[in-house]
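Residue numbering begins at 1 within each chain, and the chains themselves are lettered A, B, C and D in the order written.
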Amino acid sequence: MSDAPVRVTVWNENVHESTGNPASMAQDYPDGLHGTIARAVEELVPGATTRTAVLSDPEHGLTEEVLADTDVLLWWGHVAHGDVADEVVDRVQRHVLAGMGLIVLHSGHFSKILIRLLGTTCSLAWRNDGGREVVWTVATGHPIAEGVPNPFVIEQQEMYGEPFDVPAPDELVFISAFPGGEVFRSGMTYLRGRGRVFYFSPGDQDYPVYHHPDVRRVIANGVRWAHQPGLERAVPEVTHPAEGWFTRSPA
Amino acid sequence: MSDAPVRVTVWNENVHESTGNPASMAQDYPDGLHGTIARAVEELVPGATTRTAVLSDPEHGLTEEVLADTDVLLWWGHVAHGDVADEVVDRVQRHVLAGMGLIVLHSGHFSKILIRLLGTTCSLAWRNDGGREVVWTVATGHPIAEGVPNPFVIEQQEMYGEPFDVPAPDELVFISAFPGGEVFRSGMTYLRGRGRVFYFSPGDQDYPVYHHPDVRRVIANGVRWAHQPGLERAVPEVTHPAEGWFTRSPA
Amino acid sequence: MSDAPVRVTVWNENVHESTGNPASMAQDYPDGLHGTIARAVEELVPGATTRTAVLSDPEHGLTEEVLADTDVLLWWGHVAHGDVADEVVDRVQRHVLAGMGLIVLHSGHFSKILIRLLGTTCSLAWRNDGGREVVWTVATGHPIAEGVPNPFVIEQQEMYGEPFDVPAPDELVFISAFPGGEVFRSGMTYLRGRGRVFYFSPGDQDYPVYHHPDVRRVIANGVRWAHQPGLERAVPEVTHPAEGWFTRSPA
Amino acid sequence: MSDAPVRVTVWNENVHESTGNPASMAQDYPDGLHGTIARAVEELVPGATTRTAVLSDPEHGLTEEVLADTDVLLWWGHVAHGDVADEVVDRVQRHVLAGMGLIVLHSGHFSKILIRLLGTTCSLAWRNDGGREVVWTVATGHPIAEGVPNPFVIEQQEMYGEPFDVPAPDELVFISAFPGGEVFRSGMTYLRGRGRVFYFSPGDQDYPVYHHPDVRRVIANGVRWAHQPGLERAVPEVTHPAEGWFTRSPA
């Protein structure tokens, strides 16, 4: 619970940006989805420092050094999940279990790292018809929902719907509604090892969702929530202690 | 996990029936909501025996003898929650904690017994405009959802919406959507003491919801789920054991 | 997530202190259990302000004004639970549901307020033979466990053992072991309404447990965890909104 | 909730048996750990049919056909986790997510399949000094604890202790105590996809734990609990539905 500023890394596969598909990307996200998301964190989390990393970087930009210097990692991927190297996924998982925060956004539900941490298929229903998403806070009082109206409305979004094949979350924060009658558990938290994981579904390459003030606020809140400044980074390990090892010496 | 047939008591305040308001009650529920619900249980739970009890019965029909002879109690109330005697609520609570199942339906969210067991206000948002309720199973594979389509649709229903002030459930089974964009955690389970509690929101005096085949199926599934035939009815009690009391005698 | 200093009220029935039983109280807790606990909070929570309140105060010292000025309430009671007025319990419950933090200590498991919020008997097994309590953190990385060794050891304590009749907690933080082979879920969190509740079992009038540095640290961590500075105090209420009330005006 | 008899497969790496180490295996488990466990299931689960499979079988005995014919799979492994082929782990995981029950025993905490499903290291503390394990039921009333005393005592066991790096379980059923002051969450349930998973730690190659009547009862209860006879085996899949697909035809 210290006040050390949070160090954030925003990872993006950066494929829609590179291919120029959809065309709206250039207008909506001239600095890439990662750039827009990083700006949101900088603006809304006091003292936060950000860096970005993309698939095409060496080691996808997620070296041991970068992760050791990252308090919270944000993850955006969509069409290139399969191109993420397993050894990088191993490394990210190790850091999460050791205490690094992880925020997985939107189509990142199918990322290797989320599937690795949750153990399920993470499959869902989807339909991209640009309908309205209404995001309800069900865990009123949760710090991730601080400062956003209940509900908040995203005028145009891809529909993500139940059933969503994930473990029951530790905390269900948001449920979204879509015009077709679908619902979705759109904000969920999980503790894995010593690391805090937040999945937040709003956000799509086809719409300017990451410019929405409430979406930005939730992401910023998520960064603050996932940050555990007092926690030493340490992978849980098997131990083989002698009996009574924990007894204090009378000294 | 024995196969003893389940003994069910359906409780209804029976006020809408008595006052003839709404007028549709006489047509939709000629035997009262309790009669219709009891028929559903009899039809869909093999071997089940049912009785009904209403507010105007002596002790509201929930004497010690009746509760001792009840495996699962269903509760429907709406306008007369305040008329339920505290001593009857005490008794029902004691039986739930001792292992009796409890299914609270619809407007029973504001019943004394549910508030007693959950500790919160159980407040929610509501609007009775007869819109369509779409009920999604999010805990696919849960026995309470067995045999119902995902989603199932209730053509006309009162809207119940979030935020719903209840503790996070042990299991979230259903989430409902309404045409206005609202969502609701419409099926939730709680363990309290040794008793299983299921809250299920569909059902309203203004609409023939308890004739809906999927609603009836869910209620029947709930009865089977809440029934613990191998469990002795015993209120949890404070104990003051001697050291080593549990060590087996060497005989 | 603001940095407003936390305002803490420590409540104690103050009966053991008044009656001088046990005799060790005068030596172990010359300022009462409440005084010792308040000192721990002041020392370990930067900026915290504390007040104390006892059973014999008018309205038990828990007036509307005091509660409105309290971010986190700590509760210690043992022999006089029945003397706490129901209307004060109502008031405390209302503030918890509205967002006030609550930390219930040791024999407070049988307090009216905890039973009210949890809905169960809160019964347990106990034996006061002054054995060693070993407190294990199972939610490694939880802020309430920050800075304490895993495990930490309390040389002399009353035994509290399972089965403990409480709802499954939102988070299980600590499990304790006792020399007789008993175990106890000794640190558990619950969200009720908008308020955070933490039950922590170490602490007894017969032993100087509240002088133990790790116990003090956990209580201080609990205060910080239960404090939600960005949250407006508001009791959850039923609402009856018009359709589309949340739609933003195009201005 | 049908009454179809459960089809059980008991998997064992069968290495201690093959190598004759420890020597006590030949006496304690002349038919192998898998044989003894299968006998427990047959004796205590009415109508159950069992088969066994071992690491050295083709495809480790876990072909598509075997898994399709298995309602509940039990898993025992210790020294050869790394020899289990990833493609077999993939297959088992797929069946669990599709609805097959899985019971992981003792040192199976480090099996590939459990790590795959839970996403954490599953590391723990251990010490094999043959001390007494006292197993407490904390979820009184849970069907997995039906018919066993609270607590039950295993005279000689390996110590497994916290911290145990697993996600918070859906249900915590048992907590064990060991003479050195250690505690362990020894019975936990998880829903993954549509499949029910139960981890139960008692059982070790060095001691005749699987002959203990209460351990056998718990395993049998676990089989019954994990069996979902009314559930169609179906892997969760992404869907891309048209709007309104679920609306019933007026017909």
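We take it that a contact is a pair of C-beta atoms (placed from the backbone, for glycine too) under 8 Å apart; a residue touches a chain by one contact, two chains touch by 3 or more.
These numbers were taken from a predicted model, which means no experiment stands behind them.
Peer 1: Specify the chain most distant from chain C by Cα centroid.
Peer 2: D
Peer 1: Please tell me whether B-C or A-C has the greater number of C-beta pairs in contact.
Peer 2: B-C
Peer 1: Using mean CA coordinates as chain centres, what's the chain A-chain B distance in Å?
Peer 2: Measuring from centre to centre gives 37 Å for this pair.
Peer 1: Can you give the whole-Å distance between the Cα centres of chain A and chain C?
Peer 2: Using C-alpha averages as centres, the distance is 32 Å.
Peer 1: Could you say which residues in chain C touch two or more other chains, in rising order?
Peer 2: Answer for chain C, listing residues that touch two or more other chains: 134, 139-140, 151, 153, 161, 163, 165, 168, 170-171, 179, 181, 191, 193, 236, 246.
Peer 1: For the protein chains shown, what form does their contact graph take: line, ring, star, complete or other?
Peer 2: Shape of the chain contacts: complete, all pairs touching.
Peer 1: Under the stated contact criterion, what part of chain C meets chain D in this complex?
Peer 2: Listed in rising order, the residues of chain C that touch chain D are 132, 134, 136-140, 150-151, 153, 161-165, 168, 171-172, 175-177, 179, 181-183, 185.
Peer 1: Okay, in this complex, where on chain C does chain B touch?
Peer 2: 93, 97, 116-121, 123-127, 129, 161, 163, 165, 167-168, 170, 179-181, 190-193, 235-244, 246
Peer 1: Under the definition above, what is the set of chain C residues touching chain A in their complex?
Peer 2: Contact set of chain C toward chain A: 1, 3, 99, 134, 139-141, 143, 146-147, 149, 151, 153, 170-171, 191, 193-196, 221, 224, 228, 230-231, 236, 246-248.
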